[in-house]
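Here come two complexes built around chain A, the first alongside chain B, the second alongside chain C.
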Partner chain A sequence: MVENSLFRPLQTALVLILALIAVALCASIAPPALQRTVIEALIKLTVVVGLFIFVGQSGVFSFGHVAFMAIGGYMSAILTLAPARKATLLDLPGAIEALQLPWPLALVAVIVAVGVLATVVGWPFCRLRGIALPMATFALLIITYVVASNWQQVTGGRQALVGLPRYVGLWTAFGGAALAILVAAGYAMTRHALMLRCSRESEVAAAATGIDVERERLIAFVLSAMVVAAGGVLFSHFIGTITASTFYLDLTFVTLTMLVVGGMRSLTGACAGVALVSLVSELLRSVERGVAIGDVTIAAPPGLQEIVLAALLLAILVLRPAGLLGDAEIGWPSFRRAAPATATRQQG
Partner chain B sequence: MMIQPDSGGADASAASLEVDGVVVDFQGLRAIEDVSLTLRPGEILGLIGPNGAGKTTLINVLTGFQAVTQGSVRLGGVDIAGWKPHERSRRGLVRTFQSVLPFAGLTALENVEAGGVAIGLVRGEARAEAVRILSEMGLAHAANRKAGTLPFGEERRVGIARAIAMRPRFLLMDEPAAGLNDAECRDLQTIVRGICVSLSCGVLFIEHRMSMVFELCHRIQVLQLGRTLALGPTDAIRADPKVRKAYLGEDEVSPC
Partner chain C sequence: MIVLQNLIDAVSLGAVYALAALGIGLIFSVMRLINFAHGELIMVGGFTLYTLAGQPLLVMILAALLTSTVLALGMERVAFRTLRKASPATLLISSFAVSYLIQHIVLLAFGSRAMGVAFLPELGTAIDLGGLRIPLLQLVTIAVTLVLMAGLVAFFRLSETGLQMRAAAEDFTMARLVGVKANRVIAFAFAISGVLASIVSFYLVAQTGSVSYKMGVSMVLIAFVSSVIGGMGSIAGAALGGFLVGIVSVSLQAYLPVDLRPYRDAFVFLLFVLFLFWRPDGLLASRADRDRV
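Entry: the complex of A and B
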């Protein structure tokens, strides 16, 4: 029984993926508008699960992961756009302008490149203590945004890059989310994740237990940046255009809210948070558009969505600071659990 | 079952943990003033002294959590001034905390497993080892409970189990008996002797209850106001008038 529990994260992942399959199947017969909402939620799930890899196990907040979405999205755009379009929109070196990769290759290249970049950036970051590390990630977000919205030659500046191959449909988005969940669960089973969780509980005790907190943080930071970047790639190719302002404060707020509401220490919680926040957002969006009652159409004031989400976040922070699920994870229904528990108690 | 430690010799000193002429200053306050200490493999050295004597500070110095103003710390003859806390503990210089500091949100099993994982075991091995250590310490029933929810005595034992899982060469225990009842104190003594013998590990044992220190320790070092007041075999310290006067008072022995 004890041996078994090392594989619990994998069980959780499989149950979650089964749930996603159910959602995707329902969405596949839903009207296009609803389907788009589900696809967007699945992509956000990829991002939030990526965020969970670092934040959930380290207990350190990151306000900067959306920057990796932006970096991933722009890299993939540059690698997949047609050379002619790049020539009109951007001013790239010849070789890069001529380069056009098939999207799967571009995706892999982006993930690897972001892994390298996150190592370089994360190295000094993970040496920081206390609030300094979250603040540094916030600075990363701002820098990335400013660079992306001003580097005319490479990102097109404030202008949107258009004409990205739109290869992301329901099942691609599902695949991304499922893979992200598997990566997160696989990581959670490693000794590195255990050591990082120890440092979350007490940095001092972790150091006294032989744990190199900086190194474990860096490992998780890099892995999570790579998953988040994949989410950014999927997002850009789902929309078909990319602008710097997409990957800024709003998205940071929404993804962090999703993680915190569901329970940032739990993979199941991360998924539940995405589901709940997406659902609430979608309802509010339709209210904002207006609800017809008889002859009158009542439309809520714009911005209602943000306010309600913020209120939801506040309510959770006050009433259930550990999130809806805390650190609980979903698993197989277990019939045997009760029996061995009493058996071990008798031994002790 | 008192096991006498290796008595001196060049060999033993080479494998010892040594503090030499250490001074520690906190802004204006000199917490430790020229203290030297030697802990040999297989011995239990009692470190006693009134509150604020500098006992915890000395452990912090040994484990790399506190930089010294002066002096050196050597492990097996090697100066370890540049080693970070995690490097020291990974190489066998392991401590427990006065306030336990368990990984509260993790299970008792994971707490102990972490010790094994940190010294390089794969999770399966570390977990098997953790199960063994927990059941030896009578904690099998608590394995799957969160460390933060355990009764105080069990929480302390989880802290010790976590240290044992790191296979310490030297174990520095900061008031491991504080808050324990009599039965738990006796269990603790058995555990400490066990560690000392089975791992041939040197134990630095900080404790305020004299009866326990006298029963358990081979040698005792007395600190007062950051200085070494006395050092010697247990019987000599027990009889030392200077120690009796300064620290033990007249009716020193409280029941354990």
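Entry: the complex of A and C
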């Protein structure tokens, strides 16, 4: 993997954020239904970029990050719901029931709490090798799902928690996505990310050069869990309700598809994957609603959307296993890169 | 008495898990693919029974066996053959996609509601055995599993294809070098996993009396866990893992405090994670599975 410049990831991030601004500006004058789709895509972008921080740099798949979305969403719900509503829906200890934080404070608290939790969970997880680590993350997803859908007192069990403050609009979602991209790019510039990418190419060689693969994986795991949890918070407060079954296999599949389709080794790829999958889903959703041709409305049966997404993922895996973009990142137009390459990386 | 009853429950559930885990373990042993779409082989077997409900029993059973097997061979040919050189994680993602694809095709065709099927309802009756009331289904399940396993052991020990599959499980590259045909061995593994999957579907349909497009998912998750516990790539390990998970599930169901019982699956998967810390390669790991440098 060639690093042209220390600030290359930052350039990429700025270009991506400029593109997001363009998308958000277009969406701000679009009809509400389309605007909602864009908001949802921006939130998914936050999640997928968070996933990219771990999966993209370490090369290890995680099936468990959606669990952090769920944990983040539920924590934020409990911290922001009105005490009276909590009293009717849940059965919490008095102090927590009475607590109602303003949403920014709740968001920060959730991110910190998930960071601690991810450290506790990730520390033993990251010591696992080979296929055992993805399997353990899978187990994390299932455990979280089972607990969330049964813990009546805290999560409301199988019923949805309703009445979350719906503070997430277009620009909040944009802010979340832009921050996630900056965090991912900022992390990618550190020596930790470089060492982790090294272990992705060859775990044995990395260990032989003195890289503590377990530690580097843990750092990325915690950081990515925090970003994904923020995505989960935004997601819950965008919809206004939260159910355990939202955060299970289907969402895991969709977010992984987004990451893999665009190219899981590249930040640009992660963003491109979200854009492509969201676009395809939206088109198919409108076909499912029905297309009027003259007097006849032709509607595709429900399920078509998922079929096309799965076929898309399979086609990409077969034809372009590295994803649409592979390793490539977007940068400034090339004439700006004529400056002497003084900032070559020293570490290895 | 209760202990004995629980034991029979555990063994019969373990038998089903073992059959499901065998299907997954078999494929993994020859091509390092954790086949998430195995659940869909089970589901499609169930839907064949649903479509043919009312036909003679033999027709239903043979048709379900055939559909699952053909689907297993089909997914190998269309999706997995081109990905043979990919990493296990990429293969797992692709099997995720295959699973999602088949689920939603069935959803499109049959809708999302669970539908009732009367398949062997007479197996629901319990028989009296020295004071124990044992559902006939459990006895049949145990018997069928034992026969199938004996058949598989005979196949692996006695037939040439079986020998080739064992060789491929041990070291695939080496096996190919001495003349084992990769496509043939892998196709055989998929065919067997299809047969095993449809037999699991018989159990599920007879037990629940219904089919739905998600019916394979929870079984495949358990089968995953079982085959990892047994040792990925070890065929005997998959069977052992299935029985162990069955015993653990039934024990948790029986002995957890009542408030905690809804969390049974969470405990199963928690124990699984703890197990991974202890033996990440499983109980009977095949030696060839470790990376050599």
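The criterion applied here is as follows: the second predicted complex is superposed on the first by the 331 of 348 C-alpha atoms of A that agree within 3 Å, B and C clash if a C-alpha of one lies under 4 Å from a C-alpha of the other, contacts with A are read in each partner's own complex, and residues count from 1 in each chain.
Criterion: a contact is a pair of C-beta atoms (placed from the backbone, for glycine too) under 8 Å apart; a residue touches a chain by one contact, two chains touch by 3 or more.
Quantities reported herein were computed from a predicted structural model and do not represent experimental measurements.
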One more residue to check, A:T209. First (chain B), second (chain C), both or neither?
first
Given the superposition on chain A, which partner contacts more residues in chain A: chain B or chain C?
C
In the overlaid three-chain picture, which partner chain does A:E97 touch, first (chain B) or second (chain C), both, or neither?
neither
When the two structures are overlaid on chain A, which partner does A:E288 contact: first (chain B), second (chain C), both, or neither?
neither
Figure out whether A:D327 sits in contact with chain B (first) or chain C (second), or with both, or with neither.
first
Is A:R265 contacted by the first partner chain B, the second partner chain C, both or neither?
first
Using the touch definition from the top, say if A:M189 reaches chain B (first), chain C (second), both or neither.
first
Of all the chain A residues, which ones make contact with chain B and with chain C?
204
Contact footprint of chain A on chain B as seen in their complex
63, 65, 84-86, 89-90, 94-95, 97, 101-106, 109-111, 113-115, 117-119, 121-124, 126-128, 131, 135, 138-144, 162, 166
Chain B partner contacts - residues on chain A that touch it in the complex
2-3, 6, 189-191, 194-195, 197-198, 200-202, 204-213, 265, 327, 341, 344-345, 347-348
What residues on chain A touch chain C, complex-wise?
59-61, 124, 127-132, 134-136, 138-140, 142-143, 146-147, 150, 204, 249, 253, 256-257, 260, 301-304, 306-307, 309-311, 313-314, 317-318, 321
Show which residues of chain C lie in contact with chain A when the two form their complex.
34, 79, 82-83, 86, 88-90, 92-94, 96-98, 100-101, 103-105, 107-108, 217, 221, 224-225, 228, 232, 262-263, 265-266, 269-270, 272-273, 276-277, 280-281, 291, 293
